[in-house]
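Below, subunit A partners subunit B and then partners subunit C, in two separate complexes.
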Partner chain A sequence: MKKYFSFFRLRFSMGLQYRTAALAGIVTQFTWGAMEVLAFRAFYETDANSFPMSLSATCTYVWLQQAFLALFAAWLMDNELLESIINGNIAYELCRPIHIYDMWFSKSIANRLAKALLRSFPIIFIAACLPAPYGLSLPADPGYFLLFLLTLVLGLAVTVSFCMLVHVLAFFTISPRGLQMIFVSAADFFAGGIIPLPFFPKKVQFFMELLPFASMQNVPLRVYSGSMTEAELAKALGLQILWLLLLLAGGRKLCQYGEQKLTVQGG
Partner chain B sequence: MITMEHVCKSYRIAKRNAGFKEACKALFHREQEEIQALRDVSFTIQDGEMVGYIGPNGAGKSSTIKILSGILTPDSGQCLVNGLIPWKNRIRHVKEIGVVFGQRSQLWWDVPVIDSFLLLKDIYSIPDSVYRSNTDELTELLHLKELLRTPARQLSLGQRMRCEIAASLLHSPKILFLDEPTIGLDAVSKLAVRDFIRSQNQLHGTTVILTTHDMQDIEALTSRILLIGRGEILLDGTLEDIKRGGQTIDETIAQLYQEYEI
Partner chain C sequence: MRQNRQNQTRNLPCQKRSIRHSFCLYTHYLSINIRSAMEYKSSFFLTALGQFLVSFHVFLGILFLFQRFSNVKGFTYSEVLLCYSIVLLEFSLAEMFARGFDQFSEMVRSGSFDRVLVRPRNELLQVLGSKFELTRIGRLLQALAMFFYGILQSHILWTPGKIITVIFMLFGGTCLFSGIFLLYASLCFFTLEGLEFMNIATDGAREYGKYPLSIYGKRMLQFTTFVIPYALVQYYPLLYLLDKRNGVFYVFLPLLSVLFLAPCYLLWRFGVKCYTSSGS
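Up next, the complex of A and B:
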């Protein structure tokens, strides 16, 4: 266990040293969030009653999403891992007494946490200072905040284990780009990265909520503003845990199979 | 002890002729050729031996090293390293070995070298006292004092290679696989690395298997030579066996290659 924590620690401290990238990220995320809030404002002005969430809840969703983008964005693949597969440096990692999957998993989590830590606080702070209903409002009550934290952690784990699956698939292809594109776009759309899931038609929404993508950012971002009923919440939590276990088991199996088949080419 | 018996490995390689027309043809029909990288390779290496593994480009040297270090599964044949099958008991096996791939890097690019070392300490669960004495020894022998606090990306090739070799020895492995360890080193570093490998062998009885194209490495380090060509072991003997009077080692080897038509 200590080995994997060391990977986590080193990757985390490494992530903290890219300050300019973090600043650029903050500016981008803040601008993007502001644009989304303005767009939603225009929609709500036509008919506020035809939306499933209040404007204030939607804005809170947008700001939290931007603040924690690094935790949930499926397109934030770990390029180091992909490159090590493409250029063969994975040879060294296979020479270590470690499980490749677990090592990559801890690296990925560390990478995302380090990024999020640098970016989230300034965005949360600025968004909280914006006037209602455009800013980030307080959580519905302290209980919901704790649930938010719990589902946030689960959502991060589901996101990373999903991305790991895509990483591991790189074992079997010459270039991972194609698979990455498909999975990333699908994940972003179905996770509620573009518009929140409640905005979809009821029937579509029912199926979308069963998919693993709905167990990523969708749950914590909606729990925060208290817009989920108790039954919905229990179902969402159950699905998060179920998908996490399935994705982990599938990823590890596939990784073991890949290691056996792997050929490191060249000198 | 290392034993390899009747190990075979083949790769499938896609081939086509040059040009756009050929590329279009390859869309529909892919020509594949099977290359026998290793055919029926057998040898035994005792503990504490220093063996030079030589052969022309593409002879199968790296494939052998990869099989021995557990990252490649052969098609057929038996292989035991200290009683373990490398690719089956990968995790237990790799605890006991150190590997340097001269063409690749194991150091973390953006952090000081010492951070990579500390990570390796945890990966191999090296006790504090062992880690300290090993780093002290390696730092002194390979002249790393100034380098350890520098990020790996800012080291020159030779400096980095010295750090790579040190990194592979932190956990006091019983067997050391060196795949072209002196690539790109200047004369001083080369001598330092050679002295160092020799002292590891003498002090700790480390078994060393070395592939290289630098025949001076072979001459300076190894007592036994395995010559591989087209995937077969062609010769297993001492340097004296193959050396003829008055010739330099490079000439001898070139003649050997010609003799075996490899």
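Up next, the complex of A and C:
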């Protein structure tokens, strides 16, 4: 456990070094958030009655999504890891007395946390200063805020374990770019990255909420503004834990299988 | 032996420096790229499929949103689809042919731009030829499907003027996006690495160009008319296509956006002049 924690720490402090990149990221994400808010405003002004959430809850969703993008964006793959599988550097890792899956998992989490830590606060701060319906509003109540933090951590873990599964697939294909793109775009869509899940038709939404993708950003971002009932919340939490366990178990098994079959070419 | 080598040089394609030969060189670059992409066929098709799915998911987003809303600021579902598909077509075309600019930061950082400069050919042509992203064919197909679907659904009465407008929109838009890629590349001379916030002007414009630009408010429309002229290839000609505005003026408006290439090209020239090699 201790060695995985030091992997985590090393990667975390490395992630904190890229401050200029973070500044550029903040500007980009803030603009994307603003455009998203403007688009939702246009829909709201056209037909307010068809809106499934209040405008302020929607805007809060958008801002939190942009602030915590680094935690949940499936496209934020660990390239170092993929490269090591492709160019064969993984052979070194295999010699070490560690479990590869656990090491990558802790590194991935550290990477995302460090990125989010640098980027989220400025975005949250600016968004909170925006005028009422368009900015980031306060959480529904302190209890919801605690739940938000809990589901945020669970959501991050589900996202990382899903991405790990996609990474591990690189063991079996030499050029993982295409597969990766297919999985990533599906994950982004089903997780509510393009439009929030409540905006889907009721039946579609019901099925989408059962998928592992709904356990990623969807739960914390909606819990924050209190737009989930208690029953929905209990179900969402249960699903998050279930999917996390399943994805972790699946990823580890596949990783072990991959390690056994692996042939390192080149020298 | 010596005789043989001389023959070889003579037979190399595209020897003389003229526009026709530049074009010949360009197609030669293209064919090299196609052949190298075809070496990894499964990867190529999977990536193309991935590209297809990325924009297909955006389309699904629009589809489901419009099951809830009948229109957005007076634009219906099919009209939005038409708008988005045209923007997507422009963007994919620009990305396929001007992808070299997108990866230019790598060229500057590794110093391989030096090699480009010592060759007796136009450096812009060489950078353009360095990479064609043919996997964007997936996105292009998706855009085409959406385009025809939008046309069938929106009951537009097609006149020659409107057909010309669409062609001008595609041409102007491809030039505009290529101009932005060129701008992005030119900035690399000064910053050495790609600037992430330029994403707003490329990917952001593609993503938010799915709705007619007027819905984002008056100021956004002014910005996209006078600063980066997206509205010239998207919003105004669209109004003409949908019979919301009349006048020959709107047909030729997209061509104005070609002017955007001029400042980008000037910045590029300036960048080439200032270039100090960074490689080892």
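What we mean here is this: the second predicted complex is superposed on the first by the 267 of 267 C-alpha atoms of A that agree within 3 Å, B and C clash if a C-alpha of one lies under 4 Å from a C-alpha of the other, contacts with A are read in each partner's own complex, and residues count from 1 in each chain.
By our rule, contacts are C-beta pairs under 8 Å (C-beta built on N, C-alpha and C of every residue); 3 or more make two chains touch, one makes a residue touch a chain.
Keep in mind it's a predicted model, so treat the numbers as computed, not measured.
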item: Comparison of subunit B and subunit C by subunit A residues contacted; value: C
item: Which superposed partner A:S50 touches (first subunit B, second subunit C, both, neither); value: second
item: Which superposed partner A:W32 touches (first subunit B, second subunit C, both, neither); value: second
item: Partner chain in contact with A:H99 - subunit B first, subunit C second, else both or neither; value: first
item: First, second, both or neither for A:N89, with subunit B first and subunit C second; value: first
item: Subunit B versus subunit C as contact partner of A:L179, first or second or both or neither; value: second
item: Touching partner for A:L10 - first (subunit B), second (subunit C), both, neither; value: first
item: Touching partner for A:P201 - first (subunit B), second (subunit C), both, neither; value: second
item: Touch list for subunit A against partner subunit B, complex; value: 2-3, 5-7, 10, 13-14, 17, 87-89, 91-92, 94-99, 259-260, 262-264, 266-267
item: Interface residues, subunit B side, partner subunit A - complex; value: 11, 62, 66, 69-73, 87, 90-92, 94-95, 97, 99, 101-106, 108, 110-111, 115, 118-119, 122-125, 179-180
item: Subunit C partner contacts - residues on subunit A that touch it in the complex; value: 21, 24-25, 27-28, 31-32, 35, 38-39, 41-43, 45-47, 50, 52, 174-175, 177-182, 185-186, 188-189, 194-195, 199-201, 204
item: Complex interface listing, subunit C residues touching subunit A; value: 40, 42-51, 53-54, 57-58, 60-61, 64-65, 67-74, 195-197, 199-200, 204, 207-208, 211, 215-217, 220
